[in-house]
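Here come two complexes built around chain A, the first alongside chain B, the second alongside chain C.
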Partner chain A sequence: MRYSAWFATYGPSYLDGLGWTALTALGASAGAILWGCALLLIRLAGGRGGARAVDAYVQLFRNTPVLLPIYLIYFGFPLIGLPWPAVVCGGLALVLQNGAYVSEILRGSFKAIDRVQFDAARSIGLSPWKTFRKVVLPQVLVYSIPALGNQVVLLLKDTSLLSAISVTELTMRAKLLTEQTGAAYEAFLVVAVLYLLLVSVTEVIFRTAHRAVRWSR
Partner chain B sequence: MTSGSLLLLAQAAGVSLLLAAAAIVLGTAVGAGLTAMAFSRLAVVRAAYRVWVYLVRGTPVLVLALLVFYALPALDLRTGPYLAGILVLGIYAGALFAEVFRGGVLAIPRPQWESGRSLGLPPGAMLRKVVAPLVLRYALPPYVNVCVMAVKASSVLSIISVWELTFAAREIIERTLAVFTVLGVAAALYFVMCLGIDRAGKWLERRLMVRGFVGEPA
Partner chain C sequence: MRRKALTSTVVAGVMALAALLPAAAAQEKSRLDVVLERGELIVVTMSTAPPFAFTDDKGQLVGFDIDIVRLLAQALFKDPGKVEFVIVTAEGRWPAIESGRADLGVGGTTVYPDRALRVAFTRAFIDSGISILVSKKSGIKSLEDLNQEKYTVANLNNPQMAERAKRFFPKTKVLTFDTPSAQFLAVRSGRAHALQIDTPTADYFAAQSKDEFEVLPQLLTASQNNAIYLKPGDFKWWQWLDTAVAELRSGSWYPQYSEVYQKWFGKNPPPQKFYLQR
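Then we have the complex of A and B:
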């Protein structure tokens, strides 16, 4: 088959899948970073109980595969009266899992902040919340850029698991096309290349961001 | 949940652990080979290493699994999902192990190389007596992390119809609709396996610690 004919037949399907994968990854990454920040806040401001709860949460999600929360939310939420669309269920599972990793990344960067800054913040009369938002968070996020990039790449690859709950992202598209055409590994080869493309773009974005904020050190 | 379902899940957890163990053995061999490539004298071999690691790490495990699952029969190799699954996990873990080992070699302090050379150690002895013991210690914590990842990644094989813990959990859910209990038990089993590996790694780390060794990683 000529390339143009191939593209006319299958191109739209792959592009649609690519769009869903990119959109899910983007939304879930943003959610995971926000959730990670919230977990850091709970750890820092929640006293001993808060820190212990966050530790337990992180341990739980670190030691179980992502497929479990994906199935739990997708199959479980309708039973408790929350019949959400599959993308939302899967996205939420990715946010919950990756948020745990993000909070650990942020915690590592938090240790790099000089204690003197907290004294300085207090001496100019910043409230604890303002200290967190204006002093802690910006520095923690900037220090974490490379590690966050790795995490976003992992999340991006994990969006492929949403094909198991019928989200029509890239992997699902390849499955559907395989059923139509019977050309299985060709379809997955195309999809693998598209994932590599997305991963490379993500890496370039984070590398550029890292370089852009070098002032911080 | 019936005791029958519980037994089934426990058996399935055993299968998951076996799959991961096989993948770790295979992946360690693959990783060691790849690491040798990473330090090759030939630029072509080093480039091949980088390309391979980039390809494997840039593709989701599920896509790798589906590729191998469908590509092997096309190559007239009918292996069934179990062997295909172990192969995929081994390839995936191998690329991660390779990066771990490479990091371990790079962490060896320069004086170790120099003193080995000045003692006139032949390359084989250098590898056995200097490089291997140091890499073992430097690389152990990330190595254990990858082992935990292998256990978690084995759940993905349920999608290519490998009967392991996640597959069994789905099967039981379809029969009983007990979503929360079944997935809760499955999560607990994964948790115990992963935490067990983690603890075993920490124990080994302490066992291997050489008191008074001042060779901080470079």
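Then we have the complex of A and C:
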């Protein structure tokens, strides 16, 4: 099998898939981290009810496979008058699930903050919101970088599930090429290498970020 | 340190990939002998292509194609139950056969000359046709209606579907799924206005709710053959299967074939001999 010939023919198809995978992963990761921060805020500021609600939410999403929300949102939303595109529905499902994980990661980091800082924040007159934004969040995010990196890698790999709802990302490309050419091994091996590449880039980004903030402090 | 870790990742990756490649083909004995020795057929199929192969309310894999395979098991082992089914999505059929994971495959699988370059087919065991199922709400009454930019069609992920879409309704938007049930779900949820699939499958889906769906009277292909597929190059195995299919359609097993046909399609199969009056 000549991979150069394979690439010459199907390269554009893979690149298109790579673009969708990268775009979805990027968008969903940003969304998941924001949503995770929001969940942490609800947990901290929402009193006992807020913490319970967040616990229930985390339990719900941590204990179900992500394919479920993907299907439910993609096929269910048109029934309630929201025919969003497949990539948005799939991305939302990834945000909802990974947000639950991110909020747990952030909660772990939150516990590492010294309580004295909250007294200090109050003593200089910071409001609770300002304390969250200026004291808690920056530290929590920095402590969480390695774990968040892991979560983003998991999310990136989960984007392959969007092939089930007609998103033409990398895995869907491999499926289409398998049907088109019958060369299942070649189609999926190339995709495997491309995923490896994307994950490696992600890891480098997070490692660099981690090192940068470690030095700046 | 990090470079070392990276190197080992790459090495592990390459090794894992190499393990996936098909082993060099050794001189193997015929699958027929392997099957007889094993005492069980391993069959790859889809589980979401009613009425050919699907899961019923009790969770059992049933269907026309499944019953055909049971007849094969009856002939091979005198026991229709000696079948292990491997369930895959549409594109998963070919590697399952190429890798030798299964002895043969069924499940609403159409014979196309370009497909026959990679898997071997027996002669057809049913002529099914390809139809369009539409949601009644869409108001689509014909292929000409469907050919508008405002409509969306749900395809299965094979190139033949894409080609027919270009030929019959080039203006229509297309969504691609990996199972017939996902296609149907797309129409049901309003994601798509129509889907193309084997006529009996379209009829089966439409029968789920006659108020919501209908099948367009026009066919996308005048005739189309569904057959058993297997790994090419094993003459003895292919010959046995092909003979069995020939006997089913127009030979000594025609009564059993008719019975299965009646069960799933509510009518008799087309007569195979001019002197058979129906």
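Operating definition for what follows: the second predicted complex is superposed on the first by the 209 of 217 C-alpha atoms of A that agree within 3 Å, B and C clash if a C-alpha of one lies under 4 Å from a C-alpha of the other, contacts with A are read in each partner's own complex, and residues count from 1 in each chain.
Convention: contacts are C-beta pairs under 8 Å (C-beta built on N, C-alpha and C of every residue); 3 or more make two chains touch, one makes a residue touch a chain.
Being a predicted model, the structure only gives us computed values, none of them experimental.
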{"item": "Combined model on chain A: chain C and chain B, fit or clash", "value": "clash"}
{"item": "Touched partner set for A:65, first chain B, second chain C, both or neither", "value": "first"}
{"item": "Touching partner for A:128 - first (chain B), second (chain C), both, neither", "value": "neither"}
{"item": "Touching partner for A:160 - first (chain B), second (chain C), both, neither", "value": "first"}
{"item": "Which of chain B and chain C A:179 touches, first, second, both or neither", "value": "second"}
{"item": "Touched partner set for A:191, first chain B, second chain C, both or neither", "value": "first"}
{"item": "Touching partner for A:83 - first (chain B), second (chain C), both, neither", "value": "second"}
{"item": "Contacts of A:11 with chain B and chain C, given as first, second, both or neither", "value": "neither"}
{"item": "Comparison of chain B and chain C by chain A residues contacted", "value": "B"}
{"item": "Segment of chain B that clashes with chain C, given the candidates 20-28, 38-46, 56-64 or 74-82", "value": "74-82"}
{"item": "Set of chain A residues, in rising order, touched by both chain B and chain C", "value": "75-76, 79, 163-164, 175, 178, 184-185, 189, 192, 196, 200"}
{"item": "Residues of chain B defined as touching chain A within the complex", "value": "54-55, 58-64, 66-67, 70-71, 74, 148, 151-156, 158-159, 166, 169-170, 173, 177, 179-180, 183, 186-187, 190-191, 194-195, 198"}
{"item": "Chain C to chain A touching residues, read off their complex", "value": "6, 13, 17, 20-22, 89-91, 94-95, 98, 115, 117-119, 154, 157-159, 175-178, 182, 185-186, 188-191"}
{"item": "Complex contact set, residues of chain A against chain B", "value": "59-60, 62-68, 71-72, 75-76, 79, 153, 157-161, 163-164, 171, 174-175, 178, 184-185, 188-189, 191-192, 195-196, 199-200"}
{"item": "Complex contacts: residues of chain A adjacent to chain C", "value": "74-76, 78-79, 83, 86, 163-166, 168, 172, 175-176, 178-180, 182, 184-185, 189, 192-193, 196, 200"}
